[in-house]
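Chain nomenclature is as follows: A, B, C and D, assigned in order of appearance, with residue numbering initiated at 1 for each chain independently.
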């Protein structure tokens, strides 16, 4: 088990390095930060001077090496735009994103799995047909449109829920949470629904497909032949076996919830890392963008690790694999 | 599913016409039996046809700026503008006919969606075949790369690729290239699904004896992959492709929303929605509503077809 | 007289299919008495499994019971509501399926699955149920059940898993056990053990057993009474001895006739094989490296592990003869075959085709490609389903550039199809339009198309029904005489080997333990292993 | 009263000399103060300086008399020392404000409340440059190690970026960049009348629709960047009113001049734009009124000259423009110039900087199309657009130009003068006229205002004759707020919430 995790970690480091390289390379081309750093009154020599100072004239590998050495120390420099340390900015925005992503993931998982199981167990019923079709409408609408639509209906027309922001937050010292106040919770509803909708549909369809597949397996037939109760078969046997493949894909998907938050956070002015990223892209705030990408890569790596461990816990067959006999 | 029980029958009968066989096949049978699928197919067919025929059936040509009159702007649906021109679905802020922009826009969206999906398919299939057939380190590397691609949201990847393209292509050519960049960006952010599926299927097919038989004859591995393995892994690819197409169309819309789509003078459905949503509060609902409905209908129809195809091609469900 | 445990009256099972109604079971009636084992035989698709499924109420929709009655100890059960029926399953009727690999849920330990079943049916607490589970495993023949109970299914071998499945079926002491091909996925030696377990359990408990199989040998060894089914109907019923020795119906006669026997001594050749050796295998060895990755070895110090699949095997095959290779599953037969046809390179040793090493690149390879062909076990997997039969058969000719034009290829294909007794018109069809036996003939036609001298046949008939098997073997024999072909025949069906081969080699754990002329080896085995193998083969000739 | 104030983006920093950017200045004006300020009519008014004048006998020295009894938020007195310190800091190398003080030679404190600024030559308009140069407390800044201005890309954290100590009417209570900043009233402010707004909650909301929605749902009280298409809806909503007014900013198109062929045109042997007839034709082809009516929904002031009316040098005559597009005349001119079938060109436009920038460009593409000039629209965010201009990579582009000094010289220096040294930073297109250059340079040192204005008029006459720039309109700003609140539009888009009044 330890070796398994160690190997995963080794792989993760490679992944992180690759991501670092890619993100770094990409950002060089996103635009010229100098133009946005200096105002209308600046002169050409100022541009040159600033480029020199930012090290933008150095060879590519020098810049990259500098970036990596700093990144390893958690040092991503100072935001060009907000002139504050990037790590601090990200840390202050992180709670918002994590609370949003976590809530959405929870909604997506709970509702997705429930509906998936429900529709798999009643493959022919009318409600299944309705749920399946509605879910498709959900994925056929771009996220931003759903967000704007929800704001229009629930904030502007009905005035039930806030249209933007996080509401009242409570400072717990190292974490500012919106989960402890009423306005914070109310503010969470619309963005969380918007963000979860896509994943929800995905998980639901996945669970349904897998469950249908599992229900056709021989061991389910044999479980029936053993006279087990419907409950035990559907939830004890079928569901557990369904979860094995679902865990991997869901894990990966949940990782992307955090990143998908970009659009949702923009629409709802949710003060998380996603909107920080988009604001930074607009002014080519390279340090923030690079740190954000590294952060996403990190989340991916962590989630992957958790998924693997979960997998390991759920599927006994893997324990042999993990402990040495290869594929 | 049921195999012929009687060994005598297949030898004697004369094969019916190809068309009839297709119509009579199980896939089409399940098609005929599902009214939802028939509706979806009809909707998709009409939308695609309308998009293809846009230059002939659209009342105006919104892609020709010279033919536009600003004073036609913001005409409500089913009414005449100040200039006396009639607009069935109204006109937008540039005086473009919304119906025509939708027709032309679907054309762009479909073109981008289909090309991006084909591109993703090409990459995914070749990498998947290679990974599945060669195995070993090659397989590990390809699959790790696919993992990375899958873990990064498509939108992010596409944004970054767009960024690079902007950096590489000289500014004066960027507009002409925008649509191709978009295709590459969306394609590159969607290939991993194909690669995974194809790899899995290839690993199964590779084990089968017909591949061994070909190897014994000394058939070149590339030929084996293309002629033997590929046709047999296409069924799941087809299913992902339909759903991938719907996703690509929506992704294009989202990219346009984030401001990195096609030029506004040649708007796609996504760009139309981005433009239209500015007028959400000001009362000109039709500028947003009609393109949005079209996008939803298109994505829904394609998704439903994909759903059906998945079931129809799954022998266990027949 | 006692009442029958199960009594089936005029059972009809129907499938409403797209192209009309399909009657899988048609007017079937039989009884099984307590303590009796009823054998059900018939070729594939005869409706054997459907009958079993109908009794336990597990027919997959859209199939359904369309007529008849089923009585369990006198009580009618076919019309029970689903919940009532579910209560009978496991408690009154137990079922064992064919495939032990897929019948157990891989995510639960064997103990969990047993305890769950026991507690569902019997009023026991966790500890009692566990105790009972251990007893059951012991009875089913699992050594040291106290420790193995917490293992997961994947930690058991196939035979052990099948015993677990039997233990599960028996856990609530049902009156009736339906065993649907309980041994067909297993080795002969394991099969013999399972049959023994089944028999013992039945005798000690007085339960009724319905044993479904298409292996007449198994029936001969186990059952007291049997029914023969064909196309959904019962053809013949009677005691096992009667039917095997004195079949009345034409169908049964054909069936019994086509069963090869290990005692069979019919002559195989019209033309006697030459003395020159076409193929020589010298010290062939093949290892598979299953070592964990370098990283794992580094971190955990795990050892390299190597499977020695084939070790130092040498034999020769005379031109025009058939060499049989037998041995239990995993003994290295297929690995040998794959090295002989050039699919995997040997670790060491040589394969000589007329004194030329086929693993030498250049002329060796070229020669091998043209002159060595292979016929595979699974007729469904060995033909590319997307290709037309004509293209499949022509592929070797095209790949080896043996024909120039399309016309020529077509003529040759037509010719070959006639050789394997198929109408040349089928060229335009796809493999799925054929039955298993027909497919195997297409595969043979393909193998012949490069005009090879040597054909390796890896279990060519084990996926086929006995009657079809007889046809295919017949064909192979005919072709051998016609073209002077040399065969390497791999099979774990010793009877088939006896019927086909001139010489035979016995493999065990990668080593060739014994070889020689087939009659010598089969009648007077020198090695203990060979003797054990021969003894565990169920054979109809054992019936008195 | 508390006002919740939403606009599209946040101040970039609290360091008043670090960024020369409107949003940042607007926010800073509530905490820090400048020597002189501008009112909503665009006139200079006293703030921390009560008087200013050129020193008698020395036209190169400006004398500022400071307001007495002003205290910083931490209680320290505001003195000439602080002004010298602040001006020096603003002039320092790392300051982004230094361009505005390029002509300053030295700053000296004459006494506690008088400061002299010595210029390198006569600088009649220097006070105009001071409206966004804020005064910091010398002691506080030194004590907190913030004398150096935070520069972009530096790796250390500057105290002044996140902390303030100004003399302004509000004090910073809390700040969460991009999210929310709270300002509360400075009870010790020098002004006699206390502001009606006692607390400001500043909320950046980037998305237009969300920002408008927030006002409609009553979650904010004041929205600064109101999309033009929503003005009507907001104005007619209960409890919301909209004030509009002109901004000191002109929207225009620029060209590439010179003989070298264009980069994006099908005419590859010469530069069609270099022909004045072509430029005249383009000028004639534009229907500015249509753009105003449809694209801008009435919220713009069409213009024929590239300067806003606020600016010294603007005249109604210059401002004249064709009432309607003259397509026939334009076509004739094109034909005369040798392009009867027009030509192709790429038009680069920003899409997130000015009001409806992309839509304006799109409309212009259509209008040019009618005379045969086939323009391809290339639309980019401003960060990608402005490098094109700075690096001369564009043939034809849209730009907006604000005139913080309210004087034509500001326009000439950057847009008209040949690109060289300090001049012509936004004249990438290579328009060059030595005669004009000389005139422009003379403006800097001319003390005789009448003579100076005459030169300005001459320059404009030539610029208009040559059609150097293609002006479209002056931008109009709109502020939407809840009923009962009064706030006038500020020509530099710098609303001051201490000027807000409540009631009808």
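Here is the rule we go by: a residue touches a chain if its C-beta (ideal position, glycine included) is under 8 Å from a C-beta of that chain, and two chains touch if they have at least 3 such contacts.
Bear in mind the structure is a predicted one, so any value in this text is a computation, not a measurement.
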item: Contacts common to chain B and chain D (chain labels); value: A
item: Relative to chain C, chain with the most remote C-alpha centre; value: D
item: Best-connected chain pair, where connection means C-beta pairs in contact; value: A-D
item: Approximate Å spacing (C-alpha centroids) for the pair chain B, chain C; value: 45
item: Between chain C and chain D, centroid-to-centroid distance (C-alpha), Å; value: 86
item: Distance from the mean Cα position of chain D to that of chain A, given in whole angstrom; value: 40
item: Chain A-chain B separation of Cα centroids, rounded to whole Å; value: 25
item: For chain B, residues contacting two or more additional chains; value: 166, 277, 280-281
item: Junction residues of chain D - those touching two or more other chains; value: 209, 213, 216, 352, 381, 384
item: Overlap residues in chain C, where contacts from two or more other chains coincide; value: none
item: All touching chain pairs, where touch follows the definition stated at the start; value: A-B, A-C, A-D, B-C, B-D
item: For the chain D and chain A complex, residues of the former touching the latter; value: 9, 12-13, 15, 18-21, 96, 99-100, 150-158, 161-162, 176-180, 203-207, 209-211, 213-214, 216-219, 352, 381-384, 386-387, 390, 402, 421-422, 425-426
item: Interface residues, chain B side, partner chain D - complex; value: 64-71, 73-74, 93-95, 166, 170-172, 174-176, 259, 263-265, 277-284
item: List of chain A residues in touch with chain B within their complex; value: 11, 14-15, 18-19, 22-23, 25-31, 129, 132-133, 136-137, 139-145, 148, 152, 156, 209, 213, 216, 252, 255-256, 259-260, 262-263, 278, 281, 293, 296, 300, 303-304
item: Residues of chain D defined as touching chain B within the complex; value: 208-209, 212-213, 216, 227, 229-230, 232-234, 263-264, 287, 290-291, 293-295, 346, 348, 351-352, 358-359, 362-363, 365-370, 372, 374-381, 384, 388, 393-395
item: Complex contact set, residues of chain A against chain C; value: 2-3, 6-7, 10, 217-219, 221-230, 232, 236-237, 240-241, 244, 314-317, 320, 324-326
